[in-house]
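Take a look at the structures listed below.
Below are two complexes that have chain A in common, paired first with chain B and then with chain C.
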Partner chain A sequence: MNPSLKLALLVLVALEISFTHVWTVNIALIVVSLILMVWSHVAFKRLVMLTLIPVFFGGALVWSLTLRGTASTHFLLVIFTRMVAYVYMGGWFAQTTNPLTLTRSLEQNAKLPSKFAYGFLAAFNLMPKIQAEVATIKAAALMRGQVLHFWSPQLYFKVILAAMNWSDQLASAMTSHGFVEDAPRTHASEIPLITRDWVLLVGSLALVQIGLFVGLP
Partner chain B sequence: MKRWHIRDIILVTILAIFMGVIFWAITPLYSALTAVFAPMGLQPLANEILLGVWTMAGPLAGFVIRIPGAATLGELLGAVVEMFLGGVWGASTLISGTVQGFGSELGFMATRYRRYDWITLILSALTTTLVTFGWSLAREGYSAYHLGFLLLLFAVRFVSVFVFGGILTKLITNLLDRAHVLKH
Partner chain C sequence: MVNVSIHNLTFSYPQQAQPVLNAVNANFPAGQFSLLTGVSGGGKSTLLKLVAGLLPTDAMTVTFNGQSLAQIPATQRSQTVAMLFQEPSTQFTMDTVANELQFALENQQVPADEISQRVTAALDFIGIAPLRDRKLMHLSGGEQQKVALAIIVAMDSAVILLDEPFASIDPATRLVLLQRLAQLSRERGKTVILADHDLSGYTDYVDRLTVLADGRLSHLSPEATQERLANFAPARLRLQHVTVPGDNQPALLQGTQLSLATNGRTLIAPQDLGLFAHHTTLITGPNGSGKSTLFRSLVKLGHYEGVITYDGTDIHRLKRRPYARQVALMFQSAATQFLNVTVDEELALSLKNSYADHFTTTMVTHLLTELNLADRREQIIYTLSSGQQKKLQLLCMLIMAPDVLLLDEPFKGLDYESIQTVIQILKRVQRELNLTYILVSHQLSGLDTFIDYHLQLADQHLTYLGVSA
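Then we have the complex of A and B:
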């Protein structure tokens, strides 16, 4: 499925089940996401993680609602299945979508301005460097006997300085390689958007609407 | 009104990734707090205590980059990073990220992107709390809580957002100001 449409489907469905109270639809979404993940060979370990996490946090939330609130069993069931459905649908999306293809698709199919698409890509490719930089900053502070926590302003100060420095350098590098903002571009790799994608999007959305509004529990 | 240029786009993205990496480190703390609070039925408190940390990318990006949309974009990209790193809430982080970012954005919007001081940060903390709490009422079923407990959750959330998005952000931007790297 085309990544942009896949993202749209995911966000629309997640938004819709946040405001509706039909637990059978949540279960159906969980089952479909699970089948899709098994189909795309998502590792077993990952599936176990994707199950344990929402069961733990969702279970704790439901328990708290039972003790401190006036929720009915139906409501609790909705909340619990909703949490699992979010995580499964997100797992399906994250495990079967390549960030590079998604960005290309957003630029070509969803008409995201190319400066955003290439800006995001440039920064996301720095991810390993960014992780290393946080470790370096902490280690450098430790050498001076200073422990930096997530509440220390100095940590963020140094991080922002590095971010400013790198964004200047990357932007100049892109300009010197001929990148011009808002100029028309050709694409080395085209992301197809075919009728089948639209049919899948509209069909899935229609199925969810039917499930939500025919009066299922 | 200032427009987005490639440098700002890269800066907001790098900033969001940095925040994502730092927040990633507190996930064990979140799990531990949940495990401690859960038996007493106080799980949401774990959420409320740390919520300020997760919503910090918004005010920080808004304050440093000073272009309309910076707070929303910073928070949303942070959520994207979290999702691809395998965050706890999966797809719904994208929506929560947008909601949180928009919440902080309202604070900057209220001062028409002209004031960058305490007033804006307090407003931003307030709008973030109100918007995200409305979202929790629907999404996490908070509407079913007794009023007393709900008020406690709201108060804890505001304090958390204010401490991290307000006080800590102000301390950070003070340092940046002294280093003369903020554009006025």
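Then we have the complex of A and C:
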């Protein structure tokens, strides 16, 4: 499916289930996302992580609401399945979408300004460098007798300083590689947007509407 | 063929009284390979950025065949001038080599069906076709610089600017890049301007040397250029007092079958290596040969094969926190080591956490005076010059007084007088606290009476030099 439409579908469905209380639709979304992930060969370990995290937090939330004793069972069920559905749908999107294809699609199909599209991509590709920098900053601080935890403001101050420096360098490099804001570009890799994508989008949304309508009390 | 002219160019950074460039006039002829030299911090990078249009200039101060960059349509500027940067890893937008080249060509609005073949041609010219689908972040610094040059070749830029491109790459890659650049200027008529403060190894490649000193540029004639290049020898180390450690001398840090590699390239082949307590050891070797990587391994920040022990214990089994008290690294980039905002705050932190009850506030004041930093106590660290930052970093690390202090280029950016002061202070503290120093330095003058052992890294092997004890 076209990445931009996939993103739109995800956001729309997530919004809808935020405002409706139909746990059966949530379950259906969980099952569909799971099938899609298994079908796309998402690693088993990833799936376990994607299950454990929402089950833990959802469980904690349900437990605390039960202790307060005011919430109905139906509400608890909705809250719990909604959380798992969010994570599963997000997982399906993140695990089956290549950031570069998404960027190209947002630029070509959704007409997002190329500045945002490629700025985001450059930052994304710097992630490993940021991780290495965090390790270096922690070690350098340790050598000054200072332990930096992931919640220490000093760690973030240092990382932001480093990132500002890199962003300057990246911006210079992009200019030097011919990138001009808002200027037209050619596209050697076209991201197709075909009728099938629209059918999938509209069809999926329609199914969710029907589910919500039928399921509403 | 594009000729670069600079007319009356003056530039100063905000908050700085002295202009970096003062009424510079110069002409870089089309199709020539010019080498731009001058002291570090002297304005070479600034000049290149101004020519590349990355910093604002007044109209007509920099012209390409008589046209200023502003007169050239924005999308065609990269065909006129492109730049290769000092830091290899932060000059890419995309994930893989081919995608980055494609990105640059799409920016130039090259028709989609021509792009693939131009990418192939550029990669073949530099000789990196096998890297085509590799992830940029997984390449070594040298490979990344090759990719950066391939992009410029693909874009077919007429003027190629390079800002200290060899600072962190190995000699073999440097040679390949130099040959390609010479070929680009001679066979394809490109105008190449390369900034470097180290003039070794350029004799066969450059046409002309340009010197930037005190904000002014001067060109040397071809004869004077050749003479200057031939006479430039990297500062030779004259160490008369170094000895080779005895065979049975116990080592404080001991590597057993230690080997280092970065992104698949071997830096140090498996060897045993001892580093000795209460002495000063100097490690020398070419750029990119693995000196900083060795330091990072010694402080548990890098991967290595084999075993490293400290005082008989495998460092893998030592906890980070207590180990940082014993072996600490003074990083090459001073800013990495600072945690606060002002000079005084930084010194107070070191005094609070120091492992030795040696330093007092009076002593620190005295040291600051020696280092010419006494009137900067309230200043924000990041507004200090790079040399001042380096001196402050050294002071902070010395106050910490770890048993072993690894110093990665501690004299970088310092003038001769400062180096002498710093060495005096290092010696004094070592005597008083019985510290162990291991340093990596390209700056070698004045080190003779300071160094006890000299380790040379060459051909993936570390060897102690000097007379046998």
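Everything that follows uses one rule, which is that the second predicted complex is superposed on the first by the 209 of 217 C-alpha atoms of A that agree within 3 Å, B and C clash if a C-alpha of one lies under 4 Å from a C-alpha of the other, contacts with A are read in each partner's own complex, and residues count from 1 in each chain.
Going forward, contacts are C-beta pairs under 8 Å (C-beta built on N, C-alpha and C of every residue); 3 or more make two chains touch, one makes a residue touch a chain.
Predicted model only: the values in this text are computed from it and were never measured.
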*Just from the overlay, do chain B and chain C fit on chain A, or is there a clash?*
fit
*Classify the contacts of A:W151 with the two partner chains as first (chain B alone), second (chain C alone), both, or neither.*
first
*Report for A:R185: first if it touches chain B alone, second if chain C alone, otherwise both or neither.*
second
_Contact-wise, after the overlay, does A:L10 reach chain B, chain C, both or neither (first, second, both, neither)?_
first
_For A:W63 in the superposed arrangement: first (chain B), second (chain C), both or neither?_
first
*Thinking of the overlay built on chain A, is A:K115 touched by chain B (first), by chain C (second), by both, or by neither?*
first
*asked:* Applying the document's definition of touching, compare chain B and chain C: which contacts more of chain A?
replied: B
*asked:* Quick one: is A:M143 in contact with chain B, with chain C, with both, or with neither? Answer first, second, both or neither.
replied: second
_By the touch definition at the top of the document, which applies to A:A71: first (chain B), second (chain C), both, or neither?_
first
*When the two structures are overlaid on chain A, which partner does A:T195 contact: first (chain B), second (chain C), both, or neither?*
neither
*Please work out how little space separates the C-alpha atoms of chain B and chain C at their nearest point after superposition, in whole Å.*
5
_chain C-contacting residues of chain A that also contact chain B_ = 99, 118, 122, 126, 154, 161, 166, 170, 174-175, 179
_If we count contacts the way the header does, which residues on chain B are in touch with chain A in the complex?_
4-11, 13-15, 17-18, 21-23, 25-26, 31, 34, 37-38, 40-44, 53, 60, 64, 77, 81, 83-84, 86-95, 138-141, 144-146, 149, 164, 168, 171-172, 174-176, 179, 181
*Okay, in this complex, where on chain A does chain C touch?*
99-100, 118, 121-122, 125-126, 128-129, 135-137, 139-147, 154, 158, 161, 166, 169-170, 172-180, 183-190
*Considering the complex alone, what residue numbers of chain C touch chain A?*
49, 52-54, 74-75, 77-79, 82-83, 85, 87, 89-95, 99-100, 102-112, 115-116, 136-137, 151, 155, 299-301, 320-321, 324-325, 328-329, 331, 335-337, 339, 349-350, 352-355, 382, 396-397, 400, 402
*Residue ranges of chain A in contact with chain B within the complex*: 10-11, 14-15, 18-19, 49-50, 53-54, 56-57, 59-61, 63-71, 75-76, 78-79, 82-83, 86-91, 93-94, 99, 115-116, 118-120, 122-124, 126-127, 130-131, 133-134, 150-151, 153-157, 159-164, 166-168, 170-171, 174-175, 179, 181
